[in-house]
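First subunit A sits with subunit B, and in the next complex the same chain sits with subunit C.
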Partner chain A sequence: MERLKTALSYILIVVIILSLAVVLILSVGSDVPKSFMSFFRGIFGSLYGFSEVLVRATPLILAGLGVSIGFRTGFINIGAEGQIYWGAIAVTTTAYLFPGLPALIAIPLGIVAGFVAGGIWALIPGYLKARFGISEVINTIMFNYIAINILGILVRTVLKDPEYPLPMSSKLPNGFIFPLLMYPTRLHLGFLIALIAMVLVYVLMWKSSPGYKLRVVGLNQRASLCSGIPVKKYIVFSSLLSGGFAGIAGVGEIAGIHYKLLEGFSPGFGYVAIIVALLGKNNPFGVAAAGLGIAALQVGSLSMQRQAGVPASISWIIMGSIVLLILARSTLLTFFAEKEKEKKV
Partner chain B sequence: MIETGLIAALTAFLSATLRMAMPLTLAGLGETFSEKSGILNIGLEAIMLSGAFFSFIIAFLTQSVLLGVCAGIAGGIAVSSIHAYLSIYCKVNQTIAGLALNFLIIGLTSFLFLIVFGKSTTLPECPVTPKIPIPILSRIPVVGTVLFNQDLFVYFTFIAIFLAWFFIHRTEWGVSLHAVGENPKAADSAGLNVFRIRYFSTIANGFFGGLAGSYLTLGLLGFFMENITSGKGYIALVVVILGRRNPPGILLAALVVGAAEALQFRMQTAGIPVPSQLFTMFPYVITVLVLFLAMGKSREPSALGIPYIRSKR
Partner chain C sequence: MSTNSILLMKDIDKYFFGKAANDKVSLEVKPGEIHALLGENGAGKTTLMNILYGIYQRDGGRITWKGEEIHFDSPREAIDNRIGMVHQHFMLVPTLTVSQNITLGLKSEGHPFPNRRSIDEKIRELLSAYDVHISPTDKVSSLSVGGEQWVEIIKLLYRNAELLILDEPTAVLTPQETKRLFKVLEKLRQEGHSVIIITHRIPEVLEITDRVTILRDGRNVATVHTSETGSVELSHYMIGRELKTISRTPNTVCPHEEGLGLDELAVEENGRNVLGPLSLSVRKGEMIGIAGVDGNGQKYLAEAVLGVRDCSAGKVRLLGGDASSASIQQRKDMGLGYIAEDRQNDALIMDMDMRENVLLRMYSKREYVKSGFIKYANVDETAKEMIDTYNIKTAGIGKPVRYLSGGNQQKLILARELAGSPPVIIAFHPTRGLDIGATEFVRQKLLERRASGSSILLISADLDEIFALSDRIAVLFHGKIMAVLENDGNVDVNYLGRLMAGEAAESGSDSRRVE
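Showing the complex of A and B:
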């Protein structure tokens, strides 16, 4: 019975979302079947389109994994965006310091640097929360803006390419650049790293003792404290991991896509990553699926814009609505349950 | 001669500061009501954006600023009501709900904007509220010109600050608001309707946030474009903390942020080779420091962000 209700509520959400999409498409005067066709053709119609989904999913999965670790432990990390920026700054700085390294050393070094930089950027609010009880929600948002501005200062001063007037760094040395997996598409090593990270996070969280403790702390801090788990330490640890994975997402964007540090390279990946973690139910495989789903939604919408004239902003509407409906889902059920109770009385 | 130039520059700078501070103050006032009652709404950005959009569209279609402002307020309240329903009735994670609303409204406003105006290179414009100088007072140099040669939004904001302060600190309703935000269980036992007070405070949030949004389009800019608030809602959250959830404090905090913004514009136009990001960053760094230093002294309402479930102990 409970299962049936859950299934029903999900079906209800799908129906609502689809009808919303139809209404939106009709409201711009586009043809509904043609729009849906172009949506799916954009995703599955060509190798390039499909590879774009994977390319867009890469930072979402990595940062989403990070956010999900934080959520599991009760560290509400809204700061993935800033941590992504620090990952990007770290890989660029490392490349500046050691330009001659061969790829075999340079790429792992860049990833580690990104992990550490992103991790530290999350660790500060994590420590402030664990040690002083200061809300991490506001602090991580502040840290996003601080990171974005620090990047802005860096690409105008020390990391600026002197040969160009625009605020951006010069091209990364070849050793640091992620190899492409499927030329001529943009699919790069970052996607494989995201998949490896997914498995790693699973093993860490479900097959290791520290991971078990991280999850227990998230479930019940008081009980963890009573059974001897140093709760504060684990919150700080989770913030470090959380930011670290988001940092790797930033490394991937710079070393795999742009090849140089520039402002605004992330169109809000860090914020979408929170949605990805939520939709993936903080489970690494779920996060990967959600990341792919959101990426497909965005790629499909772009194709719908090109071919059927439906504004691509429809993807943001759909994404926001899905989250709101999923949030309200469980109470929709209790709402019906209460109605039933009333009937019985 | 140099003196008059200096005075003119100072006046312009202070006016710019005040204008930048007004939307932040208004939105901050709304969020204060909400947070006092225990509802943390990260979706303030969405409220402002919705207010900005609907006020613009109605003002554009009717050529009436007043109707535009009403539509902006309605748009703000609509968004805050969704958040209120989710966080009070459905008892969901308020942060996530706010974030999702931000996505939804950014998408929805740019989508609707495209439907109404299509893809045009020229931005459609709407009427802007005129400046109404207050006789005599506006003729005082510097202070008078800055304070008393403004539009109705600015005057209203000053009145609203006083009223909000009076309401929160000098009336029984204000006490109820505190009670609900600090200890909803006790408030409930004392016979207060926790849910109703929280709904009321979130509607106040929508009202002021929507007004703040309409000030952006109808007071400052006279046009609308995609994501016009560009993070102002988040800055307003900063203002609320810096101002310690106290209306006069919020004005002060908004003025500090506004001054940083105005200064940044000045330096950019003057061509001073310091990256403007240094100034943009300022309010955020201050917020982190204030949160750290004010620790233990001024804290947030105990029940902030925690849904109230009646049957739960």
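Showing the complex of A and C:
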């Protein structure tokens, strides 16, 4: 009975979303079947389209994993965007400092640098929360602005490509660039790293003792304290991990897609990562699925825009509605269950 | 019979999530009667009263009040019909005065600008009529717990309640305060009020009530005249069998060695001294009971020994060694078992399953965690052993402990904290909220640990428990130890009560104190 209700509620969500899409498509005067066709053709119609889904999902999964670790421990990390930026800055800087390294050393070094930079960027609000009880929500949001603008300064000054008038760095040395996995598509090593990270996070959180303590701290700080877990240390630790994975997402975007540091390289991956973590219920496999889903939604609607003239903006409206419905689902279910019970009495 | 009853609840049903909390329960109260509603925790007593009071809506049955069938949607309607209830957790605003609390929600004369002075006068009369020494202008925050209860009762009388419902009124009182409460109840009875007392304490039922209705598992067991019954019969009704008396054997293990020592221990909070300085030495194989009204520093004491709270001065000794600067983890590794007062917040992770809750004390042991990885197979095995030895009723070790009953949650904590035979144990309200069966079990386990040489600090608000289990009794008042008494069977309860109320130990009236 419960299962049936759950299944029905998800079917209902799909129906609502589909009708919403139909209404939106009709309201811009496009043809519904053609729009849907082009949506799915965009995702599954070609190898390139499908690879684009994976490319888009890569930063979402990595940053989403980071955010989910924070959420599990009670560190509400809204600052993945800033941490992504620091990962990007870190890999670029490392590449500038050690341009001649071979790929076998350069790529891991870049990833580690990104992890550390993103991690430290999150660790500051983490420490402020643990030590002084200052809200990490506010701090991580504010840190986004700081990180984004530090990058802006860097690409105009020390990291600027002197041979080019625009504010961007010169191309990364070859050793630091992620190899492509499926030429001629843009699918790069980052996607594999995201999958490895997914498994790593699972093992860390569910098989290891530090991960267990992180989860315990997230569920009940008081009991953690009474059992002897140094709660504050683990909050700081979780902020480091959380920012670290987001940092790797930044590395992937620079070393796998753009090959140089530039402003606005992330169209808000760090914010969408929060949605990814929420939809994935802070479970690493769920996060990966949610990341792929949202990436597919975006790729599909871009194709819809090209082929059927429907503005891609509707993908954001749809995404917002999906999140709203899924989060409201369980609350509404209990609400209606109680109503029903009252009627019976 | 029912013609002269003031309240008749007939065949009341109430279901929570499909489970019956009340199953065709009936209750009849006569005018001018003190009626006990007796039963274990979870027997459905409070649920039944909450239905009468309009907090819950019944799923079936009828309620007749003064000959009319009624249905209250909210407590306000119950109060308008002159039924009043004092909850176990008081509903007072601490920053307001006594008189403001009493008139809260009423439209007094002159509303919205009531004449506070004349109201105060009226309340003062009421207070002195019942011999309650509280001023209407006192802030509620300045009152003791017993004082707050008086405010709650006077609040009902001010609203002309004819029927008063008291939910476990003696739980927070010293023996003397209990006596005074009973005197007032006596007076209320003479004035024609009816009183329902919810309780699980049989001696109180026998002392004060006229009739008693016993509930078990949400059903009526019996209704009897108090004068025609006794404690054996009542406990039979209540738990379906006789109460086992717990017997303590003399401490023979290591009567001279110390397990837990407190040396001039003091705790400050916001620069204010809240505990001590106090010294206490618990020997091996000894249980010391900390008696005292709740909120007199028990929590600070337990937390300081565990290490959750830093002590501002003094030392904690564990097994002879100084543990004052040891972390909680180190203290636990030295062999400190901690049975927390608040199961759901301090001891368990409600949304984790049984084995992960067991792991909460084991994660530093090699047997369960090797090079950072948890050996779930070993944890499972230990959890299963605990389920067997402690007879924990669970739907499975993979189910969140949220779904265990309170008694089984406590058994799990006990199993976990007593695993590995810790030489020092803090048992903080170990049986609070448990039914009689579970209570007996917990006490038995503590005595077993004591017999095998553990030093146990038993902090409890239940004096019967302190008397039954401890070798010595230390009385805590305002963070200080008033006296340490040998529990040799001759401790005067009145004397203990005076100590708990902070009356100086050397007040001469007791022969055991020599000046």
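We adopt the following convention: the second predicted complex is superposed on the first by the 345 of 345 C-alpha atoms of A that agree within 3 Å, B and C clash if a C-alpha of one lies under 4 Å from a C-alpha of the other, contacts with A are read in each partner's own complex, and residues count from 1 in each chain.
Note that contacts are C-beta pairs under 8 Å (C-beta built on N, C-alpha and C of every residue); 3 or more make two chains touch, one makes a residue touch a chain.
Computed from a predicted structure; not experimentally measured.
Annotation for the three-chain superposition on subunit A: subunit B and subunit C fit side by side.
Of the two partner chains, neither subunit B nor subunit C is touched by A:292.
When the two structures are aligned on the shared chain, A:327 is found in touch with subunit B, with no touch to subunit C.
In the superposition on chain A, A:205 contacts neither subunit B nor subunit C. Contact with subunit C, but none with subunit B, is seen for A:227 once the two complexes are overlaid on the shared chain. Touch counts on subunit A: comparing subunit C and subunit B, the chain ahead is B.
Vertex at subunit A: the C-alpha centres of subunit B and subunit C lie 80° apart in angle, rounded to steps of 10. Using the contact criterion defined above for the overlaid structures, shared-chain residue A:134 touches subunit B, although it does not reach subunit C. Of all C-alpha pairs linking subunit B and subunit C after the chain A fit, the shortest spans 7 Å. Residues 207-210, 212-213, 215-216, 219-220, 222-223, 225-230, 345 of subunit A are the ones that touch subunit C when the two sit in their complex. By the touch criterion given at the top, residues 24, 27-28, 76, 78, 128, 132-135, 137-139, 141-143, 145-146, 149-150, 152-153, 156-157, 271-272, 274-275, 278, 311, 313-321, 323-324, 327-328, 330-331 of subunit A touch subunit B in their complex. Listed in rising order, the residues of subunit B touching subunit A in the complex are 40, 42, 82, 85-86, 89-93, 95-97, 99-108, 110-111, 114-115, 226, 231, 234, 237-238, 241, 275, 277-278, 280-281, 284-285, 287-288, 291-292, 295, 300, 305.
Residues of subunit C that touch subunit A in their complex: 57, 59, 306, 308, 327-329, 331-332, 338, 340, 345-352, 356, 359-361, 363-364, 369, 372-374.
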